[in-house]
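Two complexes are shown next, each including chain A; its partner changes from chain B in the first to chain C in the second.
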Partner chain A sequence: MKPPNFQYKRPFSIDEALAIIDNCKDLDVRIIAGGQSLIPMMNFRVAVPEVLVDLGAIQGLTTIQKDSDFLYIGAMATATSVMQSDLILRNAPLIPLAYEHVAHPTIRNRGTLGGNLCHCDPASEMPMVMSVLQAKLIVASTRGVRCISAKDFFKDLYTTALEPDEILTQIRVPFASHSTRFAFEEISLRKGDYAIVGIAGSIETKQGSCKNLRIGLCGVSNVVACFDQFSDLTQGCRVENIPTEKIIERVRSQINFESTASVSAAYRKYATEGLIRRVVDRLRG
Partner chain B sequence: MKYDVKMKVNGDLVEEQVTSRMLLSDFIRDVLGLTGTHIGCEHGVCGSCTIKIDGVTNRACLIFAVQANGADISTIEGLSNEDGSMSILQELFSKHQALQCGFCTPGILLAAQEFIDGPGVTVDRETVREVISGNLCRCTGYETIVDAVVEAAALKIEGEL
Partner chain C sequence: MIPNRKNSSWIGASLERREDRRLLKGRGRFADDVSLPRMGYVALLPSPYANARIKKIDLKAAQALSGVYLVVTGAQFVKTVGPMPTRSNAPVVQYCIAVDRVRHVGEPVAAVVAVNRYIAEDAVELIEVEYEEYDPVVDPMASIKATGNGVLHPDVGSNVVHKSEHSWGPLSQNLKKAAHIVTENFRWNRVAPQPIETCAAVADFNPAGEYFTIWSNMSQQSIIGGNLAISLGVQETQVNYHLCDVGGSFGGKAGLFHVPMIAAGLARLAKRPVKYVEDRMEHMANGNQNGSDRIYTASLSLDSDGRFTAVIFDVIDDFGAYFMINTGSHGNSLAQATGPYDIPALGYNLKCVLTNKVQQAPYRGFGGEVANFVLERLVDAAAKKMNWDPIDLRRRNFITKDNFPYRIPNGNIYDSGDYEKVLEKALMAADLPYWESKKKSAIQKGKRIGWGISTVNERSVLSMTEFWFLDKSPRFPQTSSPESVQIRIASNGRAVVTIYAPHWGNSPETMAVQLVAETLGMHPDHIEVNYGSTENGMISKGPVGSRYTVMLAGAIAGACKKLKDRIFTFAAHMLEVEKNELVIRDEVVSSAFSSGSSLTFAEISRFAHNFRLEFPAGEEYASGLIAQYTYDHPLTTSPNPDTNDLGIFYPIVGHACHIAIVEVDEITLQTKFLKYVAVHDAGTIVNPKAVAGQIRGGIAQGIGTALYERVYYDDQGQLLTVTLADYAIPTSLEIPDIVIDHVETPSPYTEYGIKGCGEGGRLAAMPAIAAAIDNAFKDKGLFIRELPVTPSFLYDNLHIDD
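So, the complex of A and B:
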């Protein structure tokens, strides 16, 4: 199918983009980044925006930089550029690990990290990964700039904390310490397809003992899921002794597994248990 | 309302007017008459419409023509040699019978060529399978496609391509 016509706007700066949004208050305005989720929705007429604001011509939104505390990833950085960035590989290796499972090379050439996060599909890897990494999202509007933590940003199915007049401009990812371990596992029908279940885990280790275990899940329910209440299970524990089955039980008890057309809730639950076991085994080293 | 677009397609400058809703895939086929770019699913799943924009592969069905204003595009018509003969990769597809109906072939050739020209080129069959994982073929079962791409990758690594 084809979408109906819309007004197309191509601003050259964030300020210009924000002014366009402000001037179109009574219209259905959508921001387009890479468009790899939005354009399929437009082709199916699931999304029918009246105005499309394309961020593709704005300079400076694709840069990847760091200082002593954070990685700064421009919202328009493509998946390919993020995956291939040495800075990111060295300081947040969970990101390229998970990107291996995101779509296919050609889609990753155009799809952007920021667009992926704003689309907020709970089957998508990056919202969950950013929650596990405790990233911060910088959003701009004509009212100013605010910083939203990942756990507050992802609200519900396709729903973020972004106000209609706001644009995500940057993702700030705290550095992983050298003693932080990461793991990522995913099952999908074909690699690159939507996750039946994807699991990310991270844990900080210090002289063998561990803290701050975090487990994120995608594909299992209608919300982006990240769990971090494990301190009673990991307190004073050497990393190789963390109690896998208790961790699985704790995560499982907090998820409402849902059936979809091709995957039953029972299989999803079974696969989730198996993948958490694999992820925790990897974290144990 | 129509929008002016100006872009380079296979080295030629193109200037047209397009409606906002026109997908780049439709622009390439219906306005420019370059029908080697095939349209399968129109939502980014099948890979038939794969083209190159500014040096990297893209889905032509997942970008509007108006967004490609100023871009440098190459399609399957730009893959052959300057004299119109087939490129080595195309010859290898023929040699290995890496196509039957040919519908997916333009997209797969462009995805494979990007891999062969890229920094990660290897003859590892698993890697090649992943390279073409975004392109659906309903005829070949992919084995012969992998054969052709692996031979091209070997030539590239040996410096003969």
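So, the complex of A and C:
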């Protein structure tokens, strides 16, 4: 469990990092953030980069700020710092709620939000949470800066919309209005394990009626799953009356539950239904 | 802080562990801390197939890599290093690097020694192997009938490597007369100890004296020294084996030693010191450290009064690809096969089979925990079937305290016990009526509360006969399991105790300190402990089968008796009194009869070491104060060759009652502990805190076995659990606070009445947890026959949708 040889670069600015990537066009370059997924993959020789670009020395990539519309989370902010940020707790409470289920303190102290999103593991909580929150991801390359919505960013298993020469620099999370409700539930075998199933829900309420119900799932399918096609079910509905069973049915019908060595498809389906019910009940208040 | 206890009161004190001083300061010395000049690092090429013939191995590219010292195949290695020692009968041959054939995924096929582990792994990737794949044999039932390439060891002829049927006591009569017979099937899945420190060895070979020096965390050094030497083709006096601190064994490091053997063999070939440390994947796939893997049909018969009249076990055990431990773990299951109950008849029918998986080794319980689980489940099944209270049914069948020593049908005896008292204490602490009263309100919150109880025995102080007494013609019918100690009073009056067993995370030094303090009347701060390597060593079996403290106490008592005599010889002359009137109190020797002068240990020892001419001529005044003692098992007897009497082989028998109270979430089906009570009787307790640690650790592993852990192989024999993310050991977040209490029924056969307690937590936990989950789903008629009870397993067994 040792990686083969690789070049290690530690730039001090984004521009320098981008220049390194540009200069290594013919090589397999990987960006390393907290290394909590990449280093084990390298040790197992599943990932075999020739050049490793460490973003750890770049100033300004860990800041968490806000303006009147967005929270701005630096891609290198650690899970712990995001989890403990008052700004985030007040304006996007789903994030710390979900982080309670992510790994353990030692991993959260090193693992970063940006690295977690770029790894794009559909069993992981944050890609799904960012989809539910309709976050925007800011990526930079020598060609310029672009903004990708979470929905478009998470493409497939371990696959994002990032081009090989791009670096994720910031995550923008729209403010939750005071009338938005959130809920998060998860089952894992042990505390901190990958989810057998994890469910995030959010719904906006206005004078009693609701809109924009979104339900995200992790652990149950091979892609980052966020469902938002519920308007026909929730249209004009008071939040306490949203039709739980129909919502469950709609989500369930779009998932192909599969068995793994230790978790049967039947249980996964049962638990998913049960957790969606809990999440929706919580949203109903 | 050491409590202020004077003269003969160190047994029973919760002294801080002596081992912790260095471990907590980061100054432990583990095998991986050993570094020698010119040392090379080993990496092994693992087999990707479960069952295959090795057709061709090309080492050229690996050999050409810069930084590589040596690359060898199994066929080359075996020219200088013979097969691994085995207790199997007839021998199932196992090489530490495969020769011609691989029999499980992860079995090493070639080895590299390089300037560092990184380059060694680079070289491993360059080795090219051509295999001829055979169909893997994964299912033990299919393995029984396998033919052709499905037979793992063609020279053995069959995958069934042991088959025997035994009955003791009036079995058929009692079954015939029985008012009720409950029969159940059980599946005991593979788990593994997974210590935090994998197996490791550093080996050096000195060609001048043809002498091996080995530092390793594997095995019981003074036992393996000889076996390792045989495999290395040298005399055992040409091997010196050093003990290291060990990051956990739990039995797994007791048996096999392919790790030191590979390191030693490669060191000789590479002509330089070599380090081999398993990584986690290697440990999981090739550590040779999985526990029992059994399929049971078991029956318990009862008379109309609810008294147990017979128990019978039909067992098929999947040992994996090799059979190093022979039927030892079944000997162990037989040590307390009738549990704490008065059951006059016992049947045991055994089939041991081989499959394409890594082989078994001892794991805390060594089969005893499996038999306890099955028997306790049978008792619960009987209670359920007859609608009896499971506690009353147990109580009704307990061996009563005036019936000891008690002989069980197969010949083993239980020395002492008071099971009723243990049960009463546990019930008091658990307060079951309270939890019964909480059940209704919990249901309204979507939670189910359940409680379960186990009352089991804790056999301790193993005898070697269990490894072979089921064999028709045992190959090496070993009967010795001694333990030794050397105690020296230095010229300053302080004691230095040398022990020969490894420190596996237990507390051998603390035990030695307390036992010497008690026996010699010394202050613990005046006692040092060190470890003897094999070349300086005495004979030792080490900490297996919950034996070490009992055996060490015997050895220390013997050595202290000799030492006291030496001290009194010198003191009597110096004080001008008779030897037999001398007494020791707090390291001071004085006459019991006169209130005259006295001498400290320091004063006596200074003279004994430096002033020979102050004493008369004669051997009894020879300089120095040193004593050695080897203590043999206090009570074992030889088994009968026809197995109708297995003899006394595990007579020091403790007892435990565990009560688990769980809460299961209706939606997630996750099990959480509301309370866990463990009352143990391990005889006289040397250090209550250390005993509590053993109990807690055993329960933590028991919870792992009951709820989380399982080694998964797929139908191609591919190992699916190769990391600690896949193999789910519970963390501190899953383990509840455990209420621990003790009863002390001294053993009549051991020094101070001590009994072993190293495995008790895991010998008792699983049946209590299974019963608690049953109880939570009483209305659904749930009965757990297999572990671990994961949420998914529970769902699939409840058939909620039906």
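Worth pointing out:
Going forward, the second predicted complex is superposed on the first by the 285 of 285 C-alpha atoms of A that agree within 3 Å, B and C clash if a C-alpha of one lies under 4 Å from a C-alpha of the other, contacts with A are read in each partner's own complex, and residues count from 1 in each chain.
In this text, a contact is a pair of C-beta atoms (placed from the backbone, for glycine too) under 8 Å apart; a residue touches a chain by one contact, two chains touch by 3 or more.
Worth saying up front: this structure is predicted, and the values here are computed from it rather than measured.
By the touch criterion defined above, A:80 lies against chain B but remains apart from chain C after alignment on the C-alpha atoms of chain A. By the document's definition of touching, both partners, chain B and chain C, reach A:190.
In the superposition on chain A, A:6 contacts chain B only, with no contact to chain C. In the superposition on chain A, A:54 contacts chain B only, with no contact to chain C.
By the document's definition of touching, of the two partners only chain B reaches A:105; chain C does not. Applying the stated contact rule after C-alpha superposition, one finds that A:280 touches neither chain B nor chain C. Contact with neither chain B nor chain C is seen for A:126 once the two complexes are overlaid on the shared chain. Shared-chain residue A:263: touches chain C; no touch with chain B. In the superposition on chain A, A:71 contacts neither chain B nor chain C. Once both structures are placed on chain A, chain A residues 1-5, 44, 104, 190-192 are touched by chain B and, in the other complex, by chain C. The part of chain C that touches chain A in the complex is made up of residues 117-118, 121-122, 125, 279-281, 666-670, 708, 710, 712, 714, 720-721, 725, 728, 730-731, 733-734, 790-792, 795-796, 800-801. Residues 1-5, 44-45, 104, 187, 189-194, 196, 261-264, 266-268, 270-271, 274-275, 277-278 of chain A are the ones that touch chain C when the two sit in their complex. Put simply, chain A touches chain B in their complex at residues 1-8, 10, 32, 35-36, 39-40, 43-44, 52, 54, 56, 80, 103-107, 109-110, 190-192. Within the complex, the chain B residues that touch chain A are 1, 3, 19-21, 23, 26, 42-44, 47, 50, 53, 56-59, 61-64, 66-67, 69, 111, 114-115, 130-131, 133-135.
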